[in-house]
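Here it is, the structure, as structure tokens.
Residue numbering begins at 1 within each chain, and the chains themselves are lettered A, B, C and D in the order written.
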Amino acid sequence: MKKLINDPFDVVDEMFEGFISANDHIIKPVGKRSIARLESPIAGKVGIVVGGGSGHLPAFAGYVGKGMADGAAFGNIFASPPSKPVVEATVAVNGGAGVMYTYGNYQGDCINFDKAQDQCREMGIPVQSVVLNDDVLSAPKDQASKRRGIGGLFLVWHVAGAKAEQMASLDEVVAATQKANNNTRTVGVGLSSCIVPANGQPTFSLADDEMEIGLGIHGEPGVKRVKARGIDSVIDEIMESILADLDYKGSDVALLVNGLGGSPAEELYVVYRRVKQICDANKINIRFKHVGEQVTALEMAGVSVSLMRLDTELHDLITNAVVDTCMYKKL
Amino acid sequence: MANVNGAVVAKALVHVAKKVEENKDYLCELDGEVGDGDHGVSMTIGMRAVTRAMKSLDDSVTPAEVFQAAADAYADEVGATIGPLYEAAFAAAAASAGDKGQLNEIADWADIYDAMAKSIQVLGKAERGDKTMLDSFFPAVDHIQALADKGGPLVDALSSTAKAALDAAIATRDLVAKKGRASRLGDRAIGYQDAGATSLAIVLQGFADGIAGA
Amino acid sequence: MKKLINDPFDVVDEMFEGFISANDHIIKPVGKRSIARLESPIAGKVGIVVGGGSGHLPAFAGYVGKGMADGAAFGNIFASPPSKPVVEATVAVNGGAGVMYTYGNYQGDCINFDKAQDQCREMGIPVQSVVLNDDVLSAPKDQASKRRGIGGLFLVWHVAGAKAEQMASLDEVVAATQKANNNTRTVGVGLSSCIVPANGQPTFSLADDEMEIGLGIHGEPGVKRVKARGIDSVIDEIMESILADLDYKGSDVALLVNGLGGSPAEELYVVYRRVKQICDANKINIRFKHVGEQVTALEMAGVSVSLMRLDTELHDLITNAVVDTCMYKKL
Amino acid sequence: MANVNGAVVAKALVHVAKKVEENKDYLCELDGEVGDGDHGVSMTIGMRAVTRAMKSLDDSVTPAEVFQAAADAYADEVGATIGPLYEAAFAAAAASAGDKGQLNEIADWADIYDAMAKSIQVLGKAERGDKTMLDSFFPAVDHIQALADKGGPLVDALSSTAKAALDAAIATRDLVAKKGRASRLGDRAIGYQDAGATSLAIVLQGFADGIAGA
């Protein structure tokens, strides 16, 4: 196993320690596995708490800072955090205007965040949750609430953070975040699995001439395995799934070409090239774009493409945003 | 076999932890076929925390206190889906054990297993046939409840119950996953044995052997 | 071969096309393989031109924008660009105050940049070059001019860009860059090789229990192969080489923990944790730190650590810098 | 064998390109042992550009024009170390060919190879024994210069010269690299055959066969 680690069972604690120290100009620890913006709680600002399993950096903790999240809870690798660090983060970021949880739709996260939400509400902190489900291929359209959250969360949280920075109310932040989620779709393709450190073996194996389409962000198998082929035709297939699920034609969009961890940036730009061609052909206007690793699955090779349809509010929130988080910045 | 008092239950849990950790890679492999490959890791993390908790208890502890300590260990360290499910299950076991000083009867364990399985269902909302740990737990509960009516040595009952759980875990190969991450795979999940159902069988076997050895 | 590409011989052109389009709010193409900041030439500002082989993104082209480089030339994968795109970039960024070339010390780059420099000087553009050689293990100390340039270029260019933004003269920019380079040391460790797309095979192979210490950024073998072991002890060895080469004790430093491409961010933070412990033990004060992929070797797994010793000028340049380039931002 | 006019040289270069591309993976493998594994790719990119350039020439072209077109192709497309070295070499070949209409004599090629090797040395500053392409090129030049004095059929001379280059390339295995990326490896480079020396032998063999076949 080729990893820059010590005992695989210590990875998350040691990573957490390094993360805290490397970002001590932006965040502070507020528990053994929870962090908050240095300046939190910010009086009158809705606090945004994110989280999920580790292994997805920059998601989720990398987005704590100005313009995105106020706090985050770290789980074990690919395992939702328990409720306790979520509660710790909630308490730390509550500036009196309430707290919004936002996370991907996975059973573990739903159970643990809901538990934290119950506890915090009992403590008198108003908490609302927006659960993200952008992964088109993880369930059919008529069961969209079963879909999981993947790369699109980067775009949705960009909106959420910007709205909260404007000192909007909890209901307004929740409404903007929900709208952003409703207008976001993602499809991914994987070329290799990844290795959960304490497991030590690749989660699944792909032959050298195979790709998985519709996989998630945990190195898990996708919804179909196809023969490897030129990436343009794979992107065509991905974009077709996205465009068939929501009407983007003629719209303004925000776009993310997201590396899953093991694919070089050079390749992500090859992908962006094709996505842009398809957008042009469909009169889709790219108003905001980002190419990079945002929501990863350890060292998995692959890419996902996310599109968010923008109305004026979403457009202005995302394009005017100034973001200065641990791992993502926008001037 | 000694009286199954709190100290014996605690020792049994340490034995369970050992068995789970021995099966870490196997459980990850099962989870990797259709899920995210971490189940053996999550269970090991949880069971290591349980072991630590057990070692800090003194011998006068009640079975309920032991189970509650296990619940707390899972609550703090594990997360994932399995963390809150086992937390709930151990907490339910504690409630079921109540203020009993010993758990010497088959009926005690039938009640405990039943309470554990039910608490998992309440929290996770899975049904029989959804390809989850309940598909080995419920058959195990059925089995031990039948034995409780018949009577016999506790250790044999726990052991055959664990065996029933394992058979049922193996039978999950034929099921389509309806809950959890694997549910997204639909028919592709057929042929794969559910990781959580398998680890539950290992846990039950660990109880049986741990109590027998105490 | 697991790559998000089409014909491997088209990778660089397609990557270039995607890069241009994805960053069209920051840069413009000024040739088939050359780019410049949108606003260039900037009257009176020294233009900084960087470049080298492709396969190292964010280095080198990813640093074009405010606060770092003004122009860049793209080579083929791991191959220096020819002189022509360097000349194109030079002409595009020359705002009358002259142009500085800065690149890593590789034979191909030296030959091609020197050729471009000759041509541009003949055209009347004042050009100076600062060649970077931070890689401690690539040659002994008494032959430091033979050392190649690797991850430390990120720190050096951070300084160079900041100095040029202050409208310093060409000589001043060159002097600050040279000083930054003289105070920078890097050592890397690789866990796996990478695949040059048109080659299709890993450049070298490492057994599952082997690591290469002292490797460069081209997936080439390092200076020694060691048994894989816990990363803390590997970092200890790396840091020992760095600290033995330059006296950092008691100094202020800027620090980069650089992912080579295939290692997850989580692992880079595990590395940072150890580096920080060693700095603390040696009374080295980290005034600027960055953890991330900056100077990569395609999908190679591994990490390099760079330290720059800071005097007041370097300290202020790097900590006060505002950077808004294609792939690196600092607020 | 036809008169070795410009058109024949151009055809020979297209043949060289074919041979180089056939050896792409092998050359990368050699380069990967101690370098960055791209030599076969760089040479293929260069030779593809040469092929395109050859196809746009008309039949009345002079040998010098052909070599200059090859130099320009390398200049524009290749980069790396090898790009400017081959650019310089082909430009030197053009200069050596001068205004000759045919290159029918062994001496013509002895001069051309000599000019090419020297131009590489001027630009790259490598010495014999530094483990570079010069370690196959210089022995080849020695060989063909000796044949030029002796005389004989051109094609045989070109072919045995290429063979001399290949033998010398193989002999680079014993050398420590002093120039280029591999120089950082010191003794670790011993045992590995230099990629550039090998591709040079392939290029010379391509000339011999290409001219023989024209």
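In the analysis below, contacts are C-beta pairs under 8 Å (C-beta built on N, C-alpha and C of every residue); 3 or more make two chains touch, one makes a residue touch a chain.
Remember, it's a predicted structure, so these values are computed and weren't measured experimentally.
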### Summary
By Cα centroid distance, the chain farthest from subunit D is B
### Task
Averaging only over C-alpha atoms, locate the centres of subunit A and subunit C and give their separation in whole Å.
28
### Query
Distance from the CA centroid of subunit A to that of subunit D, rounded to the nearest Å?
53
### Task
Just give me the whole-number Å value for how far the CA centre of subunit B lies from that of subunit D.
72
### Query
What are the residue numbers in subunit D that touch two or more other chains?
none
### Query
What residues in subunit C touch two or more of the other chains?
77
### Summary
Among line, ring, star, complete and other, the chain contact graph is line
### Message
Following the definition at the start, I'd like every touching pair of chains, please.
### Response
A-B, A-C, C-D
### Task
Can you check the complex and tell me which residues of subunit D touch subunit C?
24-25, 28-29, 32-38, 40-42, 44-45, 48, 75-84, 123-124, 179-181, 183-186, 188
#### Entry: Contacting residues of subunit A [partner subunit C, same complex]
1-7, 11-12, 14-19, 21-22, 54-55, 57-58, 62, 77, 191-192, 208, 228, 230-232, 234, 257, 261-274, 276, 289, 291-293, 296, 298-299, 301-303, 322, 324, 327, 329-331
#### Entry: Residues on subunit C engaged by subunit D in the complex (per definition of touch)
9, 53, 75-84, 106-108, 111-112, 115, 138-139, 146, 148, 193, 196, 198-204, 216, 218-221, 223
